[in-house]
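I've put the structures underneath this note.
Both of the next two complexes hold chain A, though its partner changes from chain B to chain C.
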Partner chain A sequence: MKKQKIYILLIIAFGLLMLSGCKKLDVSEYTTVIAMGIDKSEKGVKVSAQAVNDYVLGSKPTQSSPVVIFSEEGATVYDAYLKLASFSVNRLFIFHIQCLVIGAELAQEGIEEYIEFFVHYWETQHNFNVVVAHDEKAEDVLKMRSLLHNIPAVAVESKLENFEKIYGVSKITFIDEIVTALKLPNICLTLSSIAIVGDKEKGKDNEATQTTDPEMKLKASTIAVFKNDKMLGWLSEEESLGFRHIYDKIEKTVLHIEHNNKLIYVGVKNTSCKMSFKLEKGEPTIILKHKMNVTVPVEIAPNEMNQIRDKINEDLRRLMDLAIFTAQNKYNADIFGFCETIHQTNPEYYQSIKDRYDTVFPTIKVRYQFETTIDRTRSK
Partner chain B sequence: MKKSFFQALRILLSKPPKRKETSENTPAQKYIRPSSDTEKLLQMAEEPEVAYLNKPLYDSIDDTIAYIKAVQGNCFDLVIRQMHLKNAWDKQRIAVVYISGVSDKKIIDESILKTISDNYRNIPKQDKQDSTFDYFNNFIMTLSSVRNTEEFGELFITLLNGDVIILVEGVKKCFLIDAKIKNERAIEAPMAQVSVKGGNEAFNESLSTNVCLIRRRIRNPHFRMEKYILGKKSNTSVVVMYIHGVADPKLVKEVKTRVEGIDAENILDSEYVSFYLREKQWTMFQTIFSTERPDTVVASLFEGRVAILVDGSPFALVAPMLFVQALQSPEDYYMKGYIASFVRYTRFVAFFVGLYLPAIYISLIHFHSELLPIDLLLSIAGQRNALPFPGFLEIVLIMFFFDLLRESGTRMPTSLGSSLSFLGAIIIGESAVQAGLFSSIIVIVVTITAICSLTIPDYFLNLTLTVLRYLFLIAAILGGLYGVTLASLALLTHLCSLRSFGFNYLSSYAPFSASGMEDSLIRGKINKIFRRNKNISAEYPY
Partner chain C sequence: MEEKTLISRGQFWVIVFMYVFANDLIRGFYAEELTNNLWIPIIIGAVGGVLIYFVYTLLFRNVSGIDFGDTVTHVVSKPVCYILFLVYPLYFLCLVFFNLRDIYEVVNIFLVQEVKLLWFSLLVLALLFYLLSKGVEVFARFTTMLFYITLFIFVSFSGLIMSFNRIHLNYIFPILEYGFGPVIKPAFLMSYAIPFGELFALFGIYQYVKQKDKNYRYGVYGLIMASVVLLLITLMNIIILGPVAMTIDIHPSLRITRRIEFAVFVQRFDIIVINVMMVLIIIKLAVLLSTTKYMLNYVFKLKKPNILLIASLLIVFGICLFAPKNYTLLLDFRIKYIIRYVNLIFEIIIPFLLVLVSFFRRNQTKKQKAN
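On to the complex of A and B.
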C-alpha cells in the first residue's frame, strides 16, 4: 500500500511539472531587440529594430558592431514587425527594449494607432522610454553608434535619464502615460526628444567610436508637444525647463540672478509644484504653489535674504511664464494638466467648459506662490 | 539461428541447479581433535551458532577447553596453559586461556601468574572450609579486576575482548581478568569538524578511550553509562550515556527500548546502530546526529540528550536530532555571540544558495529571462552563443563532473591528491570553456554552489544537498521557477513530517517556540542556551 502511494505521488508530481505549460526559449535561442523605431512610409509604417549581435558580446573581442538594425515596411506595426524575421537568424524578442523612437514625420501624423501595438503585445513590458526623434527619422537615430556604451540604445536611454536628473529638461515617459494622455480628453501629451548633432552618415561607422571628437553625437533634446496624438511642435530649452518646473519634480537644475552687477548661478534642488484652481470673479485661475531648495554661492547678509529670494523667484517666474505663454498661445495645448485640476476642484465648472476647452484654455490666468528655501550660502 | 538464440536465452534465465549435500560439502570435521569422548565432541561442534551463549561451564577443565577449541576452530593465537599448583594440602589444576593478539602477555606473566603462584604457595595452614571456588576467589586471586562467570557466552565475549580466563578444575565457574592490550590510533584532530579555539580532540575507534574522553569532561555522579552488547555475530559493545536528572526520563526510556530491541547480525559501525534506532521514515536527512568531537557530545548531554557510543566507530551518535544542528558548529560556542550569529547567518545563506543556485540559474536563463537586467542578460547570451549543448544538459554534465571530482579527490592517493584539488577543478573548467564546450558562467555557478555547500559543518547534510540539488535542477528544467517552488514545497512538507525520537525535525521553526530560537539562527548568550526549558528538554511528545 505504501509503495502504491509513493507511485501515485510521483505521477502527480511529474504531471504537475509537465502540465504547467512552461515552455520558453533559452537565452541564446532568441535575438534580443533593445530599441525599436517607427517611421512613416508609403505602405503605412516602417518599423526598425536594433538587435543585439550575441556573437560579438562573447568573450572574444571583435571589431564588428554589437548591434544590427533591421527595417521593414508594413501596413501596420505588427505586420512590419513579423516581416523583420526575414532578416534575423533567431526569433526576435522585444521584451527587453530600452527605448522606442518615433520619427518626427510620423509624430506629426498621429501616433495612436502605432503605439497601441506596444501596449497590447504580450511580449513587451511597460517600462521603456518613448522619445521622438528631433527632426529625424527613427531609423537614422537607431543607426548611430555611441562612444559611451557598446550598445547605442543603452547609451541613449542613459543620456536621457542623466539629462533629466542633472538639468531637468528631458522627461522619461513610459508607455502607460501615453495611453492615459491619449485617452483623457483635453490633456496633451509631451515627450522628450533625441537629436543627432553632426554628420549622420559618419555616425554609422566604427570610426565614430574611435576618436575623441566624433563627427556625430546623440543629444537629449527638448520636449515635443502633442495634441490629440499629433505633434504640434517643440518647446525651446527655457520653455521646457519652465514646463518641467510646473509639471514634474526636478532633482537638480539652475537659475540665474544678478547680484552686485554680476550674474551668478543658483543651484536648485528638489522642486515640487502643486496646482489648485479658483474661480476669481468668474475667471478661471490656477494657483501654482512651488517649493524648492536653493543654494546661493555668494555671501549674503541676513537682511538681503528676502531680496535674493525675490530675484530667484523672478527668474523662475519668467521661465514658467514663457512655458505657459507658448502652451496657451502658440500651441493651445494643455500640457500641464490644468483641466485635471479644474475637474478635481470644481467638477461642475469643468463640465460646463469641457466641450469648449480650446477657447477657455488660453484665458486661464495663473498666479504663483513660491516657497523658496535658501539652504546654504557661501561664507567666507 | 532462432532456435539457438532461444536456447541460449533459456539457459541464461534458468536457475542454477541446487547444490546437493555430498560428503565434500558438509562442514569440515577435521578441526576436532580426537579425544576420549569423540561422540560428545562431535555433538558439541554441530550445535547451532549461538548455543554457546547460555551454556553452563563444564566441571572438568579438559571438557571446557575442548569446547572452546571446538567452537573457535584451530585458532593459532589461542593460548592455553595448564598448570598444577601445589601447596600444603593438595595439588590443584588450573588452566590459563587467552588470545595472544588482544591480551597483554606482560600483564599475564608478571601480574597474574605471579600473583597466583605466590599466593598459592604462601597460604598458611588454616582450615579450608570454603568451597574450592571461594577459596580461590578470596585467597588466591587477589587481583583487582577479577570477575567470574558460569556461562560460555560471557566467557567467549570476554576472551575475545582481550581478557584472560582462569579455569579451575572441579568448579563450574571461571575467572575473568582484564589484560587488554591497547592497540589503537592515537587521539588525533577531527577530520570533518575542526575548531580553531576549542579543543581538537576526536574520538578514535576504541570504546574505552572514547568513554574516557567523555568522562574527563563530565564529573557528575549522576552521569549514567550503560553498556549493551549488540549483534549476534559481532558482539559489539554499545554504550548509552545520559545525565540522570537532566535528560527527560521518557526520552531515555525510549532510547533504551530501541537499543535493546536491536536484533541485528552484526554491528560494525555507528551507522548500523543508527539504522535500527531511527524512525522508519524514508528520508535523505539524518535524524540521528553523529559527531566525532567529545565536546559536542558533552554539550548535548548537558542539554538533555542521550548519546550512544559504538565500539569500533569514531563517530558518536546523539539522539534526538533537530535540523538546525546540522548548521551549528562547535566553533560557534567559543566566540562572541554577535560574531557567531553573523557566521551562522552566512551558513544559512550558504545552505540555500548551495541548494537553489543551479536550479535558479537554469530557470532564469531558460524560462524567465525577462527577470534579468539587460547587462547580465546580454553578457550571458554572448557567452552561450555557439555552444554545443543546450542549457540544461550543460549544467547537468558539469555538476556531475564536479561531483566526480569531489569523489575521486577523497580516494586519490596522497601523492596525486593535491593536484586534483578544488583549484584543479576550476582550471579544468576553464579549459573546457576555452575548448568551447561550456560557458564561463556555468563554471562560476557550479563552483559557487560547491563552495557554499562545503560551508555546512555537518558533512552528511552536504551529501544530502548533493542529491537534492539534482532534484531541484530537474524540477527547474521541467517547470522553471514554478517547478522550483513546487519542489521547495515538497521538501518543506517532507522536512516538517520528519520526526527524530518523537521530536519534530524542524523543531524551533515549525512549531515555533521563541525560547528555542536562541540557539538556532542566532547564537544567544551562553547562560541562556543551557536553560532547562528548551525544546529538547521539554516534555517528550509521546
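On to the complex of A and C.
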C-alpha cells in the first residue's frame, strides 16, 4: 500500500514538473494593452494598441509617457495584432482593454469581419466599450494625450460615461450587443463616437498635458448610425438625445421650455421608455410609454402645472420626433429596435414583413404616451 | 459488493447534482438553433430526465434487496449480464474520454495554453485513480465538500452577474415562435444525453446508499436541483447576453461569467469557473469509472479490482493519444453520432428493455412464491 502511494505521488510530481514547462508568464512579463483601434489600410487593416508603460505608473514616475502606441498593418486583425509583437519587449496582453476605437473610414466600409476577432479571441473579455472615431482615424484618437488622466483610454472611457450619465447623449456598447445587432435581421447598430477638437498634431506631444488650455481636446460626441455593418452617418446632438430617450434609460439630462417669454431649463432624471406594438387599422404602430421625473427651476402656480407639463412633453416629443424622422427618412435604419418589438409582440405579422422591412420601417407610425412627474419647482 | 462502506442518501443527492451540473460544460451547443427558447427544452428535458431516472429505479424496485450486478443477473441471466457488463464499461470509457477532452479544451484555451493533452490526461487520470482507490465513501465525502463550494460560487457569481449587467427581459420573447416542433427533439436529447441524461452510470454508486430501497427519490432531488441551476444559467445567458451573443460559445457559464466586471478590478472570475468545471468533470468521471470498475470486477472477480481500474484508465489514455486532435471534429462526431445513437442505445433502449424484462421476472418470482 505504501509503495502504491509512493508511485502515485511520483506520477503526480512528474506530471506537475511537466506542467511547470507551460511557461505561464509573470505579470512583469506582460504589457497591458488598455485600448485598441482598427483602421482601414492598404494591406487590409491597421491595428493600433495603446499599451500602458508600467514604469511610469509605479511609485517613482519618470518623465516618460504613461502609454505608448503601437500600430501595425495586416491582412486581418489577428495578423496585425500578432505583428505588434515586433514593437513590444513584453507579451501584449489585451484582456484588460477598456475601449475599442473604430476608424470612421473602416466603419463606413463595414466592421463585421474586423469585430469577429474581439468576439472570439480567448484573451478578450466582453465588457469593453466600442466607439467610432468621429471623422477621424482610430490611431489618431489613441495617440491623443489627456490632461486630466494619465492614461488616455481611461480618460476616453470616463468622458463617454460622463456624457452618457450627465447629459444622456453617449451610450456604452459592449461587444456582445454589437454581435446581436449585426446578426439579427433588420435591427441597426448604433455606437457612440469620440471626436478630436483642435489641432490633432499638437495633441500627441507631452506639452499637451502641460497647459491649462490645450490646443487639442478629445470629446465624447454623438451617435453613429449603422446599417448592416456599415456606418451611414451621424445623429446630431438633439437627435442623439431623442434616440436615447426612446432606446435607453437616461439618468440625467435637460429639456427646455418657454415660460413667461423666457427660455428655462428643466432638469430631467430617471427616464424610461417602454415600447409596444399594435396594428391600428392595419397600420403598424409603435407606442412609446415614456416616464421621467423633472425639476423645474421656476415658481409655478398649482393651476399652471398641467400647462408646464405639456410644454415639457412637447419639447421631449420634438427630440424624439427628430430622431425618428432621421432614422426613418434620412437613413432608413431601425436603430430603435422597432423590428424586435414587433417580432416579440406579433411574430406572425413580423414574419410577413421581415423580408421587406426596409419598405415598412419608414411607414411605421409612432404614438407617444408621456408620464412626466414634476418632482420639484422653485419655492418662494 | 467490494466495499463494506455505505454512503448516505444526502451524499447520493449531492453526487447526482454534481454529476448533472458537470454537463453544463458543453451544453451550449443547443443554443445555436433554439436561441431565446432554449429554456423551454431545458424544463422539458429535466422532466424527461426525472422520468428516465424513475424508469431506471423500477429495475431495482422489481428486484429489490440485492446489488446492481445481482439485479441485472436476476433479470437477464448471467451470460447476458456479463455481456452487458463488458459492453457498458466501453461506453462509459468513451464518455470519460469525451468529457476529458471537453475540459482539456477549456483549460487549453482559457487557462494554460501550452499544456499538452498527454500530460493533462495523465494527471487527471492519476488523480481519478487515487480518488477511486480510496473507495466510494471517501469519494462521497469529497463530493459533499465540493458541493458547498460550488453552490457558494454559483450563488455569489449569479448575484454579481445580475448586479453588474443590464437585464433585457424582452430577450425572452417571442416564446415558441415556430411552435413546439423545434423544441421537442432537443428536449428529448437533453433528457437522455447532455445535460440531464447519462444517468445509468449513477446506479453503480446508488447500490452503496444506505437503505437504498427507500431512498430513490434523493436522486430525483439532485436532478431537480441541478436542473434549476442549469435553467437559471440559461436564463441569465438569454436576458443578459441576448439571443445571438449567447450562441457564440458552447460554455454557457464561462461566457456569462466573463461579463462580471466592476470598477476595472472585480473581473476574471472565469478562472474560478473553469476550476469549478474541472472539479465537476472529475466527479462525473469518477462516477463513470467507479461503475466501470464495479462492472468489470463483477465479471472478472479479481482479488485486486484496482487492476481493472488501471486497465480502464490506460484505455482512456490510449484513446487520448490516438484520437483526432481536432476538437471541433470530435464535438461534431459526438453531437451527430454519440448523442443521437450511442447514448440512445445505452441510456434508453437497453435499460428500458431491462426494466421491461424485470417486470416479467417479478411476476414469475411471485408465481413461484405462490406455488
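Criterion: the second predicted complex is superposed on the first by the 357 of 380 C-alpha atoms of A that agree within 3 Å, B and C clash if a C-alpha of one lies under 4 Å from a C-alpha of the other, contacts with A are read in each partner's own complex, and residues count from 1 in each chain.
In this text, a contact is a pair of C-beta atoms (placed from the backbone, for glycine too) under 8 Å apart; a residue touches a chain by one contact, two chains touch by 3 or more.
These numbers come from a predicted model, not from an experiment.
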item	value
Partner chain(s) touched by A:151 [first = chain B, second = chain C, both, neither]	first
Partner chain(s) touched by A:261 [first = chain B, second = chain C, both, neither]	neither
First (chain B), second (chain C), both or neither touched by A:54	first
Chain A residues touched - chain C or chain B, whichever exceeds	C
Partner chain in contact with A:347 - chain B first, chain C second, else both or neither	second
Which superposed partner A:95 touches (first chain B, second chain C, both, neither)	both
Contacts of A:212 with chain B and chain C, given as first, second, both or neither	neither
Contacts of A:125 with chain B and chain C, given as first, second, both or neither	both
Common ground on chain A, meaning residues reached by chain C in one complex and by chain B in the other	16, 18, 22, 24, 95-96, 98, 125
In the complex, chain A residues that touch chain C	4, 8, 11-12, 15-16, 18-19, 21-24, 95-96, 98, 119-120, 122, 125-127, 176-177, 179-180, 183-184, 340-341, 343-345, 347
Residues on chain B engaged by chain A in the complex (per definition of touch)	365-370, 374-375, 377-387, 390-391, 440, 475, 478-480, 482-483, 486, 490
Contacting residues of chain C [partner chain A, same complex]	109-110, 112-116, 119, 122-123, 126-127, 129-130, 133, 170, 173-174, 177, 241-245, 248, 255, 258-259, 261, 264, 267-268
Chain A to chain B touching residues, read off their complex	13, 16-18, 20, 22, 24-28, 32, 34, 52, 54-59, 95-96, 98, 125, 151, 154
